[in-house]
Amino acid sequence: MKDWQPKILAILCNWCSYAGADLAGVSRIQYPPNIRVVRIPCSGRVDPLFIMKSLQSGFDGVLVSGCHPGDCHYLSGNYVARRRFAILKPLLEFIGIEPERVQFSWISAGEGERFAEVMTKVTNDVKKIGPAKRLVKGVQK
Amino acid sequence: MVRLEKGKFDDFIRSLAEDYIVYAAVTTGGKSSFKVVASAGEIDEGRLLTDRSPKEIFFPHSEVLFEYDEDGIRETEKAGKPIAVWGLRGCDVKSLAMLDKVFGTARQMPDNEMFEDPYWKRKYDNSLIFGLACNEPRSSCFCNWLGGGPHSEDASDIFVIDAGDVFLMQPVSDKGKAFIGKMTDAAGASAQDEKRAAGASVAKASGADEKKAAELASGARAMMAEPPDLDGLDERLKGIFHEDIWEEMSAKCVNCGACAFVCSTCHCFDVQDEGKGGKGKRIRIWDSCMFPIFTREASGHNPRPLSRDRFKQRVMHKYSYFVDNYGESLCTGCGRCVIVCPVGVDIREVIKRVLSFEGKGAR
Amino acid sequence: MIEELREKVKKLLAGGDVELVIGWEKGSQPLSSTPVFIDSPEEADRLVFDSTCGNNPAVYSTKDARRLVKAGKKVGVVVKGCDARSLSLYVAEKQVKRDNIVIIGVPCRGVLDSDKVEELAGGREVLEYSEQDGKITVRGKDLDLTFDAKDVLSASCLACIYPDAKEYDIFIGEARDGKPNKEQNAAIDEFEKLSSEERWKRMEEIYSKCIRCYACRNVCPSCYCNECFVDQNDPQWIGKTPEITDTMIFHIIRNLHVAGRCVECGACERACPMGLDLLLLNRKAAREVEERFGYVTGIDSGEKPAMADFREDEKQNFIMG
Amino acid sequence: MSNTYIPVNMRVETIAVEDKEKALRTFDLVFVDEADGKRFTYMPGQFCEFSLLGKGESPFGIASSPTETDFLRFTVNRTGSVTNEIHYLREGDTVGIRGPLGNWYPVEKFKGGNVVIIGGGFAFTTLRSLIVYMLEHRQDYGDLTVIYGARNPDLFLYKDELAQWQKRDDLTLHLTIDKPVEGWTGMTGFVPAVVRELAPSTENAWVVVCGPPIMIKFTLPVLAELRFPDARVYTSLERRMKCGIGKCGRCNIGSKYICIDGPVFSMEELGEIPETP
C-alpha cells in the first residue's frame, strides 16, 4: 500500500482545458504523473456513463474539466454539462462515493499554472482517501 | 415410504449437508430463493414458490465458463460435493428435468458429447432432488394444465409430503431409493455411527401415514380448477402465426424480462468476455428473447423488430417449438410469470385466447 | 365515479373524439389491475379505477399506441396525478402533441404496494380484495383482514404532492390542487444522516437484489428511448451481469437519465419483481433538480425540461474554485 | 468429457486483403497443436466460432475446403466490435476457434447431379468451400454452374481463384456486378435478374443459394419460376449466434436452431417454419 499511486482520469475539453494542459507542458510546469488524459470536443460531450465506466474500470479518481462559463467554443456546451454534473455529483455522494473521487473544474487555455494546481489538488485528494473500492469491477481477482 | 418427524428435521438437514451441498428455500429482504443452507432453521418452509427461480442452482444468472491470462485458458473448477435440493415443488422439479433435455443432451447430434453442456451436467447429473408436495396450490398455479399436479412425483428423486408433524418421504428414482435405503439402514444401525444414526431418524411410514398422504393429494387436486384441453395447442399456434391476434394479445406487454428471468424453464443466455489487459473471463449470462438486442445483428438488421414479434417468440417457443423438439411444452405452470408481470399479462389468458380464436389459420 | 368515467369514455369513443382510450381493467390476480385499450363504446364497461391501478398508462402513448398518436389519431388516457405529469412531460419533450391526447383525470387515493399487503397477510394468499372509505379488506383461506389504506400504499403515494391531474381535459369529480407533503423528503433526509460507508452498504443491499430484467425501465414513462444505453453493444458500455457494480451503474445512469424527468409515480418500484427500493435515488435527483433549478417535472407542459435548459448565472459550488 | 465452450488455439498463418477499402480480409489459420487439427474434421457449409479472448466470439462460415488440409480459411467483413478486432490481427497471432459447428451442404445427395451455385457479396465463403470440394471430387458431379454477384468488381472475394476457375472447362462461372463499370467484361445486373436471364436447366439439378437476405429474397421466386423444386434448393441462413450448440436460444427460428439444425436448409424445410427468415 505504501507504494500505491492513484490512477486519475482527466477528461478535458479540446478548446480550453486540453490547451491548458498543453501550456502547462510547454511551460514545463510540474504536476503529478498520476493523470491520464482523454481529450473530448466539449465538456458537454461528457456522458455520466464515461465517469461511471472509468470508476468501474479501476480509476481512483476522475476529473472533468471544460471552458469557463461563457467561453464555450460551442457557446452553451459547458452550461448544459454543468447542469448534468450538478445532479451527478450530489447523487454520487448520496450513494456513498467519496466526493473527492469525481471532481469538476473550469480551466482555460491560458491557465497552464492553474492546470497544474488542479491536477495536484485532485491527486492529493485522491491519495488521502486511498484506492477506489466502490463500483470497481473485480476482474483482477 | 418413510416418515421423518419434524423435530428431527434439523438433524436431517445437517447430516445431509455432510455429503451434499444442500439448497433450500431461503427468504431474505422479503424475497425468497434457493440458497445453500447448513441447518433447517435457515429454510423458509412456509413459501409455496420461491420468488426467484430454482434454475439458478444449476444455471446461475452469471456463470464463468473459463478464465484466461497470458498463459492461456483455465477452465473453472469442477464442483466438489454433489448438490441436494430440498423442497422443490413439483413444477420446479419438472422444470429442471426439461432444462436437462436442453443442456444435458445433444438433440441434433445424439451421442456427441461435444453438444452437451458440461457446466450443467457436472452439477445436475449427480444431484439429489427432494420434491415437495403442494397441499395448498395458489390461484396463480396451473401445473395441472401441463400434465403436472400438486402432488406430482415426476422427476423427483425423493418426493416429500408435509403431513403436519412429519415429512413423508417417497423414494422415486433409483438414486432416491438408494438414499432412503441408506437412511433406513442407518436408522437401524447402532450408536457406533452416532451422527449418521441421529441425522437419519426415519421410520417406515404407517398405514395412517399413507392414508394421510392420499387425502392431502386429493385435497390439493380438488383446490385446482379444471384445466382446459391443450391438445393441439402447438399446431394451433403455428396456424395462427401470421394473424393479427398477436397484436391484441401483446398490446400491453412492455417487453421487460421479468417473466423470463423468474421463469423456471427459460434458459436463453448470452456469452460475453470481461477483462482488462490480458486477463479476464468468459461468462454466460441470462438473456431474454423479450429484449430487442437479443436478435439484433451487427448490421443493425433485427429479425424481430417489434414488441409483438418478441412476445410471440416467447409463447411459440414454450408451447410449440419445444414440443416439436422435446415432446412437451416448455412450461410447468408454476405461475411465477403471472405473479411478477408488471402489466398483468397472464399467460393462461393468452393460451385461452389462442384456443378460442376462430379466425383464419385456426383449426 | 367509475360509472361516470365509463360514460365519459363511451361518449368520447361514440362521438369520434378519440380513437382509443388507455386505462385499466380488472386483472387476473386478486390484487391487480391491468392496462386496457378500449376502442369501442361497448368495451368501456371494462374500465376500472381503484387502488390497484399502479401502472402508469402514459407509458403506452410512447410505445405501441405511439403509432396512433403519430398518425394524428387522438388517444384518450385515463390518468392519476402522476400519470398526468408524464403526459405533460411528453408534451414538453415533444413526444406527443397536446392536441392528440385527451387527458381524462381520475381522483387518486394512492395505489397499493402488493408486497406490503402480502407481508401483512403473513404468507396467506389474498383471494379477494375490497376498499371503502380509506379501509382495505383482504380475504382468503383463513384470512380476513382490514387495514388502513395508508399502511399498504406505495411509498411514492405516501410522498405524493399531486394526487390529481394538474393538466387535464376531463376530470371525473373535482381535481384537488397539489399540496405540500412532509413525507416527501423524509426517506432521503433519513438516509442522508447515515455515514458514507453506511449509505454505500445500504445501496449494495438494494442493488444486489437486481436481476436485470429491466421491468423498472420498461414500465417507466420517462424511459422511452428507442435504444437504451444498456442495450448498446457496440461498444458495450455496461456489463450485463447481476454483479453489484453493473447493476448499480445501470440504476444510477438510468436515474440520471430520468433526473428532472421522473414524475415519481413509483411504477418502477411496483413493477420490480425483486422488491428493490428504487424511489430513493429518484426522489433524491428530483429534489436536487427542484432546489437547484426550481423545476418540478410535468407540472407545466409549456416549460422547458430542466436538463435540456440552463441559466448562465447558476450556482456552481460543486466545481473546484 | 470435452468442453465445447473452450476454444482451441490456432495461429494466423497468412492474411489477405480482399478489397480496396480493406473491409474484407481473409485469414488462413493453422492449428497450434496438431492433435487438435486431427480431431477437426468438417464439410463445406459448416462454421466456427472465432474467438478473441477479452473481445468475444463471432461465427463465420469456413471458406476452405476439407480437401485443403493444411489450413482453415475465414473471410471476415468488418462490421462490429469483434470483427473490428479480428481485422487488427497480424500474421503469427493466436486466435481461438470453436467448431466445426452446424450442418453442411448435402454433397452426398448432390452426387451424380448438376449443381448450380448462386452467391452474392461476401457470403461467398462457404460456397468457395463447396466449389473447391466438388472440383476435387469432380468425377462425382455433373455440370457445375456458378453465378456470383457483387456490387462492383472490387468486392468479389478470392479474385485470383475466380480467374483460374474462369479458365477451366469443367466449371461455368458467371460473374455479375450491380452497375456497369469501365473495363468490366463480365455480366451486369442483380443476381436474381441474371439467374432469370441464364435460366439454368432444372434437369437433375441442385441449387445452392447464399448471399445477403435481400438477394435470397428475390432469387427464390426466380428459381420457383424456373421450376426448381423446393426440395432441391438449398440456402444457408444467418442469425446472431452465441453458443453454437443449440443451447443459448439466440438463433432459434421456428422449431429449428440455425447453429445445429442449420445453417444449411432446403427451401422445403424452410417452408415449414412459420417465422420466415
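The letters A, B, C and D name the chains in turn, as written, and every chain counts its residues from 1.
Heads up, the rule we're going with is that a residue touches a chain if its C-beta (ideal position, glycine included) is under 8 Å from a C-beta of that chain, and two chains touch if they have at least 3 such contacts.
Owing to the predicted nature of the structure, the values given are computational and were not obtained by experimental measurement.
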(request) Using the touch definition from the top, list the chains contacting both chain A and chain D. (result) B, C
(request) State which chains count as neighbours of chain B and simultaneously of chain C. (result) A, D
(message) Count the C-beta contact pairs for A-C and for C-D, then tell me which is higher.
(response) A-C
(request) Starting from the mean Cα coordinates of chain A and chain C, work out the distance between those two points in Å. (result) 35
(message) Taking the mean of the C-alpha atoms as each chain's centre, how many Å separate chain C from chain D?
(response) 50
(message) Can you compute the centre-to-centre distance for chain A and chain B, using the mean CA position of each chain? Integer Å is fine.
(response) 48
(request) List the centre-to-centre spacing of chain B and chain D in whole Å, with centres computed as mean CA coordinates. (result) 40
(message) Where in chain D do residues touch at least two different other chains?
(response) 80
(request) Please list all residues of chain C that touch 2 or more other chains. (result) 233-234, 236, 239, 243
(message) Two-or-more-chain contact residues of chain A, please, as numbers and ranges.
(response) 137
(request) Write out all the pairs of touching chains, ordered by chain label. (result) A-B, A-C, B-C, B-D, C-D
(message) Per the contact definition, I'd like the list of chain D residues that touch chain B in the complex.
(response) 1-7, 9, 53-57, 79-80, 83, 96, 213, 238-240, 242-243, 245-250, 252-255, 257, 260-261, 274-275, 277
(request) Can you check the complex and tell me which residues of chain B touch chain C? (result) 29-31, 46-47, 51-52, 61-62, 136, 138-140, 251-252, 254-258, 260-262, 270, 272, 274, 283, 285-288, 291-293, 298, 307, 338-340, 342-346, 348-349
(request) Going by the contact rule at the top, pick out the chain C residues touching chain A in the complex. (result) 188, 191-192, 196-201, 203, 229, 237-239, 243, 245-246, 248-249, 252-253, 255-256, 259-260, 281, 284-285, 288-289, 292-293, 306-312, 314-316, 318-320
(message) Give the list of chain C residues in touch with chain D in this complex.
(response) 233-236
(request) Over in the complex, which chain A residues touch chain B? Could you list them? (result) 57-58, 137, 139-140
